[in-house]
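Order as written gives the chain letters A, B and C; numbering starts at 1 within each chain.
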Amino acid sequence: MRRRHELCDLLDERRPGYSLPQPFYNDPDIYALDIEGVFNACWLMIGFSVELPKPGNYLAMTIGRTPVVVIRDRAGAIRGFFNSCRHRGAQICQDGTGRAAKLVCPYHQWTYGLDGRLLHAGAMPENFDANDHPLRPIHVEVVAGAIYICLAQTPPDFAPFRRALEPMLAPHGFENAKLAHQYVLVEKANWKLVMENGRECYHCAANHPELGISFPIGISANMSIEDDTRMRGYCQRMAAHGLEVGPTDGSWWQIARFPLNEGMISMSPDGAPLVKKPMLDLDGGDTGSLRFSIEPHNFCHALGDYAFMFSVLPVGPEETHVVAKWLVHEDAVEGVDYDVPSLINTWDMTNRQDRDLAENNQRGVNGLGYLPGPYSPKAEGLVLRFIDWYCERMRAHIGAPSARIAEVA
Amino acid sequence: MRRRHELCDLLDERRPGYSLPQPFYNDPDIYALDIEGVFNACWLMIGFSVELPKPGNYLAMTIGRTPVVVIRDRAGAIRGFFNSCRHRGAQICQDGTGRAAKLVCPYHQWTYGLDGRLLHAGAMPENFDANDHPLRPIHVEVVAGAIYICLAQTPPDFAPFRRALEPMLAPHGFENAKLAHQYVLVEKANWKLVMENGRECYHCAANHPELGISFPIGISANMSIEDDTRMRGYCQRMAAHGLEVGPTDGSWWQIARFPLNEGMISMSPDGAPLVKKPMLDLDGGDTGSLRFSIEPHNFCHALGDYAFMFSVLPVGPEETHVVAKWLVHEDAVEGVDYDVPSLINTWDMTNRQDRDLAENNQRGVNGLGYLPGPYSPKAEGLVLRFIDWYCERMRAHIGAPSARIAEVA
Amino acid sequence: MRRRHELCDLLDERRPGYSLPQPFYNDPDIYALDIEGVFNACWLMIGFSVELPKPGNYLAMTIGRTPVVVIRDRAGAIRGFFNSCRHRGAQICQDGTGRAAKLVCPYHQWTYGLDGRLLHAGAMPENFDANDHPLRPIHVEVVAGAIYICLAQTPPDFAPFRRALEPMLAPHGFENAKLAHQYVLVEKANWKLVMENGRECYHCAANHPELGISFPIGISANMSIEDDTRMRGYCQRMAAHGLEVGPTDGSWWQIARFPLNEGMISMSPDGAPLVKKPMLDLDGGDTGSLRFSIEPHNFCHALGDYAFMFSVLPVGPEETHVVAKWLVHEDAVEGVDYDVPSLINTWDMTNRQDRDLAENNQRGVNGLGYLPGPYSPKAEGLVLRFIDWYCERMRAHIGAPSARIAEVA
């Protein structure tokens, strides 16, 4: 393990406004510290409450190297646990979704309730106390149908984010939705390069022709479009529907509603809605997009007709999984009200284009010729915000003093 | 390389009766120390003398990263060598079996006798002394047809194991047997997880329906079955044939004969013998199984009709090869007296089920949620014995003082 | 990173005349130091000027983990750059060949001239100075059509090599040639094992039947054949044509012309020329081969009818790429004057045989049984020269005192 003072030196070496020194993008020891200091410490967005419709439905996944399971208990609440048996540590639920009355370890059948209590362990001696061996809980928060988890014992304060997101997201009816599609895209790039890519649209004009049809690629860091007249009109129209526009943010989250390009109603090949049964049935679906995002790893877009989730999970210093999910109204019928290829087209094309860019970025950054370069304050404000946040997070993790951070444009 | 004092701290951290702290199961530096302190230091079981029927027959394999070759010399003795040329280190015999009058390095044709002496080296100067460049020997012991090797300069004392095993194994006629089948199974799990799996049958009822037909899955750590009356009868019957039952053991080995389930004569799909020509022709083959095993990596079962070897070879912190071999009487004719699919069915199914369990165990152990858990004294006594042995071995390797070990049930 | 004093101890441990201690062949930390101290510091041979016929033609490749691009500028000169954008470090030109009027980064379209100057960067603030962000240059030298690059800020003195090579290579007309074929061969072996293999023909008799037809496998370290009468005749004949024979060398390079086996005119399946239109049109092509090589990674053979380049690029402690290229006269027509399968046959067979030998060497060297062995002064003089050079290079890199090196035979 690279010594913490070395990481501290590297953080000090970073020039404000510039990308990170090379080791942050490929060093195995820094990667290990990223897992510790970021993914084991921060809130992460992993999916939607409608993925767990009934008690016993679960969603299992691996964060870094840590298997976790999120499950709806008998009372209907969503709970989370480390997905490792308290006996010999075997993974209890396979990654993916399923339903179980009790959680039974496949190895020696240690059996846990949906609340995590150990109910049965065979062949153990009399002095064995099942109460000492419950599944270890993780923190779970559900906001208007979006599920957030945190593996830390003491998570960052979630309340301000909830207060801001809940009223803005609630009208989108995530609790009356269904998962229409999901996939995992493997990217041979450090998770921070994947995130930097997802935090700016400076690269969109040349690389994302499909996304650029509907997405205002010149949008500012606070999600304001360049045409002030249109922006004002949009705000008035949203206000008339009681929809907050924002923007609002905290150190690790950002929420804003913004209009799409003129005449565009959805992020779709031609700007027209892709789902006949809308999630937010106002103005014919012309409500722009509610973008909500958290550091270190996620953004979502809630449109009138569908919602899209993009969450990054690191799997190695130079490998990252992108988990992509699409929600539609629960009553929308596949093949009648929507079809999956059209529904996912815009973001799927964009994801694959971004994968190629991130992998190419990784190859260049790995070279002796790489020097940290300047971010554009105008076009890369959210990248800078992400990288500054990351540096502060790592300083806090290793107990180093905070740097003064330049104001984000 | 992780410092030895860190390993010492980790060994001290282990709670008696509990599984190991996480790094023992996935840390690359501890893996490197395992190779040094265990696989380069202990006796290993690698096969059978009948695999080398004539002078010049050899068996080459890789232990960790070390190629070795075991060969029958002109006098009929079995010898072993490091399989690296003394010139530029090339591997001399490819892994697998073969026969050679002399050992000729494929690179520059340095040529060695079956006794390891360098017989020819072209283009070397006059002052080059071939006697300074023999193949480097490794230790080999053959006990009643079973081959053990040790890569250490000074191996652990083999004599007590030989004294115990030889009379018990000799009646099984391994020297008049033949190899009926063998394979290598790749498991994505640390070698210790593979071994822990192989040292208990707590997991058998739910996971090994085929093995459970014949194998007494509730057997104790000293290979005694629960039904005292049957056990006494078995012992008397074996005594009448002059077959020792045991159990007997040393710090790194264990030998015991035990009865199969009532009415079962072999480990087979229906308990009936699988080979018409038996290896041990007594009581219609109803002699139970002679189980002999050594730490760190092996167990064998010698039944009336066949014998099975299971040896673990580590190839990485989270990857292990299981070498499985089946012996039958040399006169048994394939397709007439036995067929391979039936012969291997029970252990092959068991091996593959165990691979899935070990890989699942690895995934769960890798997580932040893993905590060492308590072994069942009743059902996991041999796991505890293995782990305690391992900890003592590593303490000895790094020169740390011994821990007091709880008595094994 | 392994401490430098540990490397120093390992260098001191090496016995003169013997192969290297094991860690030099498989340790990841020494591999990292090899990249720093050798591949980022020395001249490397990467191809031919005819691969870049016009301004804007480029050749991009990765040295270790460093993408570089070599390009012909508007004035016709060949220049080289680190192939990483000064903005966010993305790789600008994909590895391979291409042609571009300007170098445009695919990520955010930062645009550079063929001289490396930054011409355009969108969305940057007013105080951004493009002059501060040119592509970072690397050193390039072209000698009679052969391209050499160096990634170091201060490269080793190239002049003596140029002075020696230019007059000897110029008659071969590399500037009027064309690339007939190229490939990359992946070898699972440390780059030094690949190089050691390529620096001796002790292994040729048993392993390279095809090469042995034309190549004088008993050739000495200074490229003199055993038959003095033939050698004298060859020298006289070459002198009559004004062709220098040499040999001549420096600490990191060696050049010599030598005759092929009696009656053989080219390195070909039957010794006959493979290309109807010769590169060096003298004596019916019977001019032997001009061999020129540099440490750490290359040799070339310029025959009458074709030229062959062999350059090693390390990609990991136990993985190496061999880049092989074949040149023929630019007027030779494929399918008429030559065909590729015949043209490449001799060296392609040789390369693949050598790959198997190097990979086998790696397996043997990885073992506990490996001990450094003695090189044959008679048959492995150039291996010894390479290894001695390597040790001195690494001593210089880490600032350790030089060892006294035994004279090379």
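Here is the rule we use: contacts are C-beta pairs under 8 Å (C-beta built on N, C-alpha and C of every residue); 3 or more make two chains touch, one makes a residue touch a chain.
Values in this document were obtained by computation on a predicted structure and should not be read as measured data.
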item	value
Copy pair chain A, chain B: interface residue numbering same or different (half cut)	different
Copy-to-copy rotation for chain B and chain C - C-alpha atoms, rounded to a multiple of 5°	120
Distance from chain B to chain A - Cα centre to Cα centre, in angstrom	47
Two or more partner chains touched - positions in chain C	none
Of chain A, residues touching chain C in the complex	19, 196, 202-203, 206-207, 357, 360-361, 363-380
Residue ranges of chain C in contact with chain A within the complex	40, 62, 64-68, 81-92, 94, 106-109, 122-125, 128, 133, 136, 138, 151
